[in-house]
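Here's the structure, in C-alpha cells; my notes come after.
By written order: A, B, C and D. Residues from 1 in each chain.
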Amino acid sequence: MHSLYNRIQGRNLDRLAALSDGIFAVAMTLLVLDLHIPTAAQIHGERELLLALAALGPQWVAYGLSFLTLGIFWAGQQTQLNHIGEGSRDLTWIHLGFLFAITLMPLSTRLLAEFITYRAALAIYWLNIFAPGVMLYWSWTHATHHNLIKPDTPQEIRGSICRRVLIAQSLYAAGAALCFLSTYVSITVIVLVQLNYAIAPSFRRTNPA
Amino acid sequence: MHSLYNRIQGRNLDRLAALSDGIFAVAMTLLVLDLHIPTAAQIHGERELLLALAALGPQWVAYGLSFLTLGIFWAGQQTQLNHIGEGSRDLTWIHLGFLFAITLMPLSTRLLAEFITYRAALAIYWLNIFAPGVMLYWSWTHATHHNLIKPDTPQEIRGSICRRVLIAQSLYAAGAALCFLSTYVSITVIVLVQLNYAIAPSFRRTNPA
Amino acid sequence: MHSLYNRIQGRNLDRLAALSDGIFAVAMTLLVLDLHIPTAAQIHGERELLLALAALGPQWVAYGLSFLTLGIFWAGQQTQLNHIGEGSRDLTWIHLGFLFAITLMPLSTRLLAEFITYRAALAIYWLNIFAPGVMLYWSWTHATHHNLIKPDTPQEIRGSICRRVLIAQSLYAAGAALCFLSTYVSITVIVLVQLNYAIAPSFRRTNPA
Amino acid sequence: MHSLYNRIQGRNLDRLAALSDGIFAVAMTLLVLDLHIPTAAQIHGERELLLALAALGPQWVAYGLSFLTLGIFWAGQQTQLNHIGEGSRDLTWIHLGFLFAITLMPLSTRLLAEFITYRAALAIYWLNIFAPGVMLYWSWTHATHHNLIKPDTPQEIRGSICRRVLIAQSLYAAGAALCFLSTYVSITVIVLVQLNYAIAPSFRRTNPA
C-alpha cells in the first residue's frame, strides 16, 4: 500500500521547482528583515546617520555573503533539475531536505552578523553551506542510480555536476578551517570562492570570445 | 446569476497549484523567523554561545517537526492535484480551506515551542495536523463524486489516496493521545510517523531494488 | 518613443498571474505574523493558556475575515484573467493597483484587530475591500473596451463578471454602514456575505445535482 | 571544467522569471510590515485614531513610492525577458544582481520613512533606484552582444529598451539632485516621473484611441 502511494507521489518536477523558487525568493528577501537601521531618535545629523550605517559593517557583510550563497545554490539546483527528466518520491524528499537547509540560512546569517568574531558562529554558518551541498550531491547520485536523468544528457555533464560540488565544497571547507586564524579571513576566502563561481569565470569566458 | 459566475470560477488548477506552492514556501521559511538566537550582549565566549543555542532545544524540535509536517502535506496535496483533471469553484474553496490551516502552522509551532510541556499546546498543534488532513480527504471525495479526476487514474490509486489519509491521521491521533503520558512522548511518536512517511519507505524500497 | 515601449510592455499575462499568486500567498501567510500568543512567563497552567488564547478573540475574527477576503479576491482576479487573452501595459498597471490594495490587507487587518470597536478602523478595513473591487471592475471594463477578452467568452459571462462585483460591493457597503449600530454587527454581516460567495452557493449547487 | 559547468548552467529563463516574481511579490508585501500603527493603549477615541494615522504621513509616502518603484522595475524586467530567447550563466548572475538590489528596497524604504528630511537617506534611496537600472541596462547590452535576444525582435524595440532606461534614470537622478533644495521636492519629482511611466502615457494613449 505504501509502495503504491509512494510510486505515484512526487512525480511533478514543475511543482518542486515552483516550491524551490518560492523558498529561495522568501529566504533572499527575509535576510533584509534582520538588517537593523538606527532610529530617528538616535541620530542628530546627516554625518551621524552615515557613520551609524557604516558601523553596521558586519551585518552588511553577512547579508551580501548570504545572498551570494543562496544565488549559487539556486543556480546549482536549477542546473540539476534541468537535466532530470522524471521525479520520484525519494528525490522530492532529498530536495525538501535541501530546502530545509536553505530556510535556515536567514537564521545562520543573523547568528554570523551578531557574533562575527566567534568561530562557533562561523562553523554553524559553514555547516549551512555544507548541508545543501551534501543534499545536491545526494540528489544527483540518486538520480543517476535510479535512471531519472534525461537520456540526452551527455556523459561529461553527468560527471561535471558531481565534481563541481566536490571542488566547491572543498574550497569552502578550507576557507572555514581558516577561522582558527581569524573569522574575517574565513569569510573573505569564502566570499572569494563564491565570487569565482558567480562572476569571475564569466569574464574569463567573455574576454576570449 | 450566482450559478453562472460560480460555474466559470476556479477552473484554473495551475493557479491553485501556484498559490499553494507560494503559501507552503512562505510558511516553511517563516517558521525560522520565530527561532530566537541569543544577542551578543548576553554571551561572553564560544562555549557559552553553543550552550545557549543548545538550551533552545524545544524550538529546534518544533521547527523540524513543522517542516516535516509541511513537507508531507505539500507532497500529499501535489499527489492529488496531479490526478485531478478539472477544477471547480467548490474544489478551489476546499483547497483554500486546506491552505488556511497551512498558514496557521507557523503560529501553532510557535505555541508548541513556547509551551512544549503543555497538553493544550500539543492538542492545538495536533488539530493543525488534523484539519489539513480532513480537507485533503474532503478534496479527494469531492473530486471523486463530481468526476473531476483524470479518467486515466487507475482504480487502486483512487482508493489508496483516501486510505493513506485515514491511516496517517489515525497514527497522528494515537500519537497525540499519548500526551496524557508526556508531551515529549507524543512529539516523538508524531515525528516517527512522519519520518516513516517521508524517509523510511524510501530505503525499504531502495534496498531490494 | 514612449508609445513603442508601452506597446511592448506588460504583454505577459502569465507573469502577472505568477506575481499575483506570490503576493496573495505572502499576504495570506503574513496575516499570521500579527497574531500574538502569550509568552510562557505569563501563563501558569493548562487552563490559563486556553483562556488567554480565547481572550484574543478579536484577532482570530479579524484573521479569519481577512483570509476569506483574500480568497475571494484571488478567485475573482483568477476568473477574469482566465478570460483575458492578451495583456497590455495599462491592464498590467490596473492589476498592480489591485495588488497594491491587497498588500495593504495585513495592515488594515492588524488595525481592525487592535481597534475592533472603532468605526474608523472598520471604515478603513471596508475601504480595503472596496478598493480592490473597484480595480477589478475597472480591469474588466478596460479589457472589454480594448478587445483584450478571449473571443470565445460567451456574452452572458462578460456581463456576469461586472454584475457580480457590483452586487458584492453593495452588500459589503451595506454591511459596513451598519457600523453605526455596532462594529460587531458590521463584521458579522460582511463575513456572512463572504461565506455566501465562498461556500453557500456551493451547497446550493451540490444538493440538487 | 568550469566552462563546461558554466555552459550548462542558468539556461532556464522560466525559473529566473519565477524567482523574480517571487522576490518582487515578497518585497512588495514586506514593505507593509514596516508600517507602524498605533496601539490601542495610546488611543482614546475615533478622532485620535485618525489623527495618529495621518501623523504617520512620511511612512505612507515612502510606502507608495516604493510600491511604484517595484512595479516599474518588475514591468521593465518582464519586458526584457519577454524578448530574450535563451539564458546563460552570466545573464542569470546579472539578474541575480538586479534582484539583490530589489531585496534591499524594503530596507531603504524604511530608512527613508524614518529619516525623510535627511539628504543621506534620500541619496541611499536613489542609489536603490539607480542600481537596478544599471543592472537592467547591463542585462540588455549583454543579451545583445551575446545573441540571446529572440531573432524576431524588431530593431527599433532593441534600441528603445536601452533608451528608456537612460531617460528614466536621468530624470530620477535630476529629481534626486533636487534634495539640495528639499528632500520633499526630490520625492515629489521622483513620484511624478514614476507616475508618468506607470499611468500618464496610458491616458495619453487611451484618449485618442
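Throughout what follows, a contact is a pair of C-beta atoms (placed from the backbone, for glycine too) under 8 Å apart; a residue touches a chain by one contact, two chains touch by 3 or more.
Here the structure is a predicted model, which is why all the values come from computation and not from measurement.
K.L.:
By mean C-alpha coordinates, which chain is most distant from subunit D?
P.N.:
Of all chains, B has its centre farthest from that of subunit D.
K.L.:
Tally the contacting C-beta pairs at the A-D interface and at the A-C interface, and name the larger one.
P.N.:
A-D
K.L.:
Averaged over CA atoms, how far is the centre of subunit A from the centre of subunit C? Could you give it in whole Å?
P.N.:
The separation of the two C-alpha centroids amounts to 35 Å.
K.L.:
Just curious, how far off is subunit D from subunit A if you go by their C-alpha centres, in Å?
P.N.:
25
K.L.:
Would you mind listing the residues of subunit C that make contact with two or more other chains?
P.N.:
If we look for residues of subunit C contacting two or more partner chains, we find 18, 21-22, 25-26, 30, 33.
K.L.:
Provide the residue numbers of subunit B that touch subunit C in the complex, in ascending order.
P.N.:
Answer in residue numbers: 1-6, 8-12, 15, 18-19, 21-23, 25-27, 30, 33, 89-90, 92-93, 96, 99-100, 103-104, 106-107, 110-111, 114-115, 118-121, 124, 146.
K.L.:
Which of the residues in subunit D end up touching subunit B in this complex?
P.N.:
It comes out as residues 22, 25-26.
K.L.:
For subunit D, which residues count as touching subunit C in their complex?
P.N.:
Residues in contact with subunit C: 17-18, 21-22, 24-26, 28-33, 35, 37, 39-40, 43, 46, 49-50, 53, 67, 71, 74-76, 78-79, 82-83, 156-157, 160-161, 163-164, 198-199, 201-202, 204-206, 209.
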